[in-house]
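Two complexes are shown next, each including chain A; its partner changes from chain B in the first to chain C in the second.
Presenting the complex of A and B:
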């Protein structure tokens, strides 16, 4: 149905020509699901864009042929190509969060596609078809009348699928359709996509970097690296007998619950004098957070219900806080960092109430509590070179004096996270890869030798292959530097391996808490079970979830979770979670 | 919900107007010039020597205009006058009422400034959008540096250049004034065309001077919007280029321009002053300049109060219509 022959895509750059895609041969049968997997820059998205004829200048297809059925895509006029898009091939771009026009209702964004491909269609017919498309992706018809900002991330992604499938194309290309979604939403969205694809009988190209997702969703797999396909075949064969070392590395980089840890099993050393006094390092005393709610507006939004815990800190620990987006986990993180004030209760650091600290105390606090954030692209000032970004905290806290010493400390910090200072230090953030930036963020936090590090989704935006090495960096912090870490994530598999204690948050309440082997290895609370069932396993023989329908299973477990009392698992020394009355 | 919002907004509007009106009252009072003295001096110059008793007149006039009362009392009288829209008598042109003077001048200014600002906004925004959208049109790319140069020239200077070359040397348009001296003001075609004819040069100078601001603003926003993911998806949807341009790119890029336009509309009269003087145009700008010259308190108060109202009301209108343009700013129904 789709045949790509000897495709080459070139991008001219200052130093010559970059072959973003080189000699790619792919043939996809009708109704088949094919995965393109590889890290960023491997050419998977570029190949898809070549099929759409949407490669941005100055890049161009320098060689090859793309056949869609009998149609030679590369020979079409631009008007013929326009008519081919959506009607015959639809493309759901990366970042569905922002793929919808913010000033148009969802239904209008379905209509314009219909009208521009089929000519004038009566209003009632348009309405009927948009409602059908919206209901076809499992959303209520009233969503069609809403604007994008009124929808959640998962709903927006489904609306994009509704738009892309409204004209029943022969081929759907979905570019990382779930990369910004939590596991529960991811499973529902993928089910929606597969159902829609089966209903119209089209082929599907799924682009991604998560081997687990691939194992659950596709029939065939193309593993891409540096613009070339390094391995291809039926998904089952690839998982059974991966031939290329890169494929093996990709499969191994997916953390799984239970089994061998991808991290070295070193017992934590005692803290090297990180903690002072007898008071716990970090303490939450009946802390809750309500957003909004003023004199005129309605009742505020409770992000976090009262929670109390004490992290002793004499032995460094990694505490994981897991949950869906909107579960209150990031709110908890920002309360720890003192970015937000608790609505009720007291947050104490080494026994002192953070809310009543004086200016200079707050400054000291910043040194002791550092953060690593989710978005490695937004965390650095684009106008500062790495050197400046790294040396600023050193100067601010007076840790190092003199240019030579500062340079030395910066270099040390880079080496500490496996970066070559000579190649990094003089560059601007945009010249670095996402993984390098994320490591730099760890390096910057580490330079101040903090006592506590709050890492909010530190690996959710980097490739699977980098994920393990960044987590390894974090893990080392605990062992080598005796730093306690609060790891906020929606990825239960990594939480299982790195943490000493896990707190599962559900709609602002603690659902389940305890040692990871118990909470994640043998979940008792329906919500924890739902989270774990939603993880796509890198195992073709293991079914995704326990029920064939993700929607039904989610609804059932969510309903159970709402009434279920919190589950306390056995205690872990060094961390006390008290139930707030 | 909406009613509460509207009430809050109206209370806000009232507070803004009162605060601005207070400043308006006190700032002219900082001058040591006396408007009454100016008026009397002028009167005595035009009448027979000795026939005017200066001291006596000063007292009578001060009493007549309430300038003998304590300042605070005057302030409250003033606030009352303004809020009831009773703009008092002009000191300089007594016994003409300020309201009548404003009503005579306002249509000229509004007609000239609103029309030319709207033309500049529309043409500038369209050109700015097209320079980004149609990279293939070489003429448009050439247009950007040209408008940048023009937007750096103050518009009275452009006005002077136009007067010299087009009106004086070329003789195509009148050198100044709102209408011909021989024309008789009436609601007929003859007079209307005469007014239009006179407004072309001042209008053109405003359009030339401000078109660049709109074009550059729009160009910047278009570049930003082009990088948005929804533009990518629109292309992938195979939409017609015209629809992507109008409904996706321009529709989003124009939003900040509209805010800018509302701010501009509020400052129309201030912007009009120099143009009206250069072209001898009978509008609010000329009137305000005259009033400031003689420190005619009541005329200044009246004009500035109208300006304050104009800014406040145009911001209110913007706030009320903006949610229609950008659904993200809409208040959720409870």
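Presenting the complex of A and C:
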């Protein structure tokens, strides 16, 4: 149905021409689901945009043919192409939640497409069709009357699917439709997309980098690297007999629960912790956080209900805090960093209350509590060269003086995480890949060797193939340098492998806590079970979740989870979680 | 060492090429700079040929039309109008620069503090700005200016206008910083031990530079406009030949009835060139500050 022959897309740059897509041949039958996997920059999105004829200038299709049925896409006039988009090929862009118009109701955005392609349609007919489209993606019809800001991320993503499927196109292209969503929402959105696609009978191109998701969703897979397809075939065959080393690497990079550690050569010996004195390194005493609310306004929004724990720190540990977005896990992280003040309770670092410290004490403390943030793209100031992120703390904390010593320290830190200093130092942030930047942030933490490191989703925005090596870097911080780490994530599989203790947060409450082998390996709380069931396994034969309908399963387990008491699993020496009253 | 100097020369040449290339792609910025630049150059070069005293009354025969000796003629009080244009243009631009700079400095600091610290600081600063924004500026300026009528100088004039020039920059810069405050690199700087003022000046300001320059240009043209308004009402410096004062005199001494076109056209033409030039610079900088408007990457 869709046939791409010898497609080449070129981008002229300062140093010559970059072949973003080179000699790509694809044919997709109707009703088929095809996955494109590869890292950022591998040409998967560019191929999709070429099919939509939406490649940004100065890039252009330099060679090849794209046939949709009998139509030669590249030969259409721009008006014909406009009519083809959405009606015959629809595209769900990356970060679709930001592609909705904030000042228009959802239904108006659906009508736009209908009116543009079919001319004047009566209002009652438009309403009927938009309601049908919204209900088709499993949202209540009243959502059609809402504005985008009133919807959650998953609902916005489904609204985008409704727009894309309203005209029943022959081909749907979904570009990383779930990359910003947590696992539970991801499963529901993917189910919605598959149902909508099956109802229309159209073909689906799913672009992504998660092999687990691909295993669960697509029939055929194209593995792309540097603009070329390096391997293609039925999904089952690729998982069973991957041929290209890159495919093998991609499959191996997906952590699974149970089995061998996916981190390469983890050492058995552990360095001693760096804390001083007898008090625990970090202590939460009945800490809660309420956002908003005040003297005049109504009750605020409770992000975190009172929680108490003590991390001893004489033996370095990795504590994982897992949960969906909005579960309060990032709030916990910012309380530890002192970015936020607790509404009730006391946060103590080495026995001292962080809220009543004097300014110079806070500065002394900063050195010992460091962080790796989620977004490696935002963490560097675009105005400066990257080494400023490393040299600034050296100067501010008085660790090193003089340009030469600082340079030496930075180079050392780069080597420590496996980066070549000659290729990193002196570059601007935009010249480095996301993975390189995130490693540099880990290098920064290593260089300062703090007592506590808060890693807030350190790998969620990094290509799958690099995740293992960045997590290994973090693991080394604990093992070789005795740094205790709080690992905040929604990815239970990595938490299972790296952590010594897991806390599962659900709507600001602790749902389940204990050693990872018990909590994630054998979950007792319905919410933990839901999280684990929602992980897409990189195993074609294994069903996604325990029931056929994600929506039904989620609703059932969520209902159970709400009233279920917290489950306290075995204690782990060095970490004490007090029962919240 | 030679290699290093060569490299730096090479870099300079390349950055000059880059600036040239950029200006070619951004014609409104280039034309704006040429217009304002030629106006300033005219007044700078002109000051070598005419004396400042020639811009005073009774320096020449009154009401003379243009002639080879008196290029732009004289007004009814015997001012050499060429000298008035030379010195008036510079005085007016200077006044705009002073008032604009003070406005951007004060307004920018207030905007940065308000957005970065938030809470009560933000509420107080924002409240005062909002209240002052609703008051018509000219009303306040007229009251202040009429209190200082005697012995007013262009610099005093600039200070009076600056007293209200900070409001809009404060508001605009606050909005920009509110967005940038949540950037990841601000958090990186915080855990690197940087204090709030270091974060404002070394992390946020460099990224806002094109925007700050653009608001400076807006502030300059707003200040020039305010000064012309006051001067046309006769509230300007009596002893300085600014462009606004020329407009006041020509209205007061009925240049239109006397059909003295050589008195009317030059100051108005200078003002039009100044405003159009500043406007073009501002549009050009807007494209630089706001990459979404950038047509070619």
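The definition used in the following text is that the second predicted complex is superposed on the first by the 571 of 581 C-alpha atoms of A that agree within 3 Å, B and C clash if a C-alpha of one lies under 4 Å from a C-alpha of the other, contacts with A are read in each partner's own complex, and residues count from 1 in each chain.
Keep this in mind: contacts are C-beta pairs under 8 Å (C-beta built on N, C-alpha and C of every residue); 3 or more make two chains touch, one makes a residue touch a chain.
These numbers were taken from a predicted model, which means no experiment stands behind them.
Student: Label the relationship between chain B and chain C on chain A in the superposed model as either fit or clash.
Tutor: Aligned through their shared chain, the two binders clash on chain A.
Student: For chain A, which side has the bigger count of touched residues, chain B or chain C?
Tutor: Between chain B and chain C, B touches the greater number of residues in chain A.
Student: Which partner chains sit in contact with A:392 here, chain B, chain C, both or neither? Use first/second/both/neither.
Tutor: Only chain C is touched by A:392; chain B is not.
Student: Which of the two partners, first being chain B and second being chain C, lies in contact with A:200: first, second, both, or neither?
Tutor: neither
Student: Look at A:363 in the shared chain and tell me whether it touches chain B only, chain C only, both, or neither; answer first, second, both or neither.
Tutor: second
Student: On the A-aligned overlay, A:54 touches which partner chain: chain B = first, chain C = second, or both, or neither?
Tutor: Only chain B is touched by A:54; chain C is not.
Student: Once chain A of both complexes is superposed, is A:558 in touch with chain B (first), chain C (second), both, or neither?
Tutor: neither
Student: Which partner does A:279 contact after superposing on A: first (chain B), second (chain C), both, neither?
Tutor: So A:279 meets neither chain B nor chain C here.
Student: With the two structures laid over each other on chain A, which partner does A:375 touch: chain B (first), chain C (second), both, or neither?
Tutor: The answer is second: A:375 touches chain C but not chain B.
Student: What stretch of chain B clashes with chain C when the complexes are fitted on chain A: 3-11, 75-83, 147-155 or 255-263?
Tutor: Clashes with chain C appear only in stretch 147-155.
Student: Looking at chain A, which of its residues have contacts with both chain B and chain C?
Tutor: Comparing the two interfaces on chain A, one with chain B and one with chain C, no residues are shared.
Student: Across the complex, what residues on chain B touch chain A?
Tutor: 4, 8, 228-230, 232-241, 243, 247-248, 251-252, 255, 325-328, 334
Student: If you look only at chain A, which of its residues touch chain C in the complex?
Tutor: Result: residues 337, 339, 363, 366-367, 369-371, 373, 375, 377-384, 389, 392-393, 396-397, 441 of chain A touch chain C.
Student: Would you mind writing out the residues of chain A in touch with chain B in their complex?
Tutor: 52, 54, 81-87, 90-104, 112-113, 116-117, 147, 149, 160, 163, 296, 298
Student: What part of chain C is in contact with chain A in the complex they form?
Tutor: 183-185, 187-194, 203, 206-207
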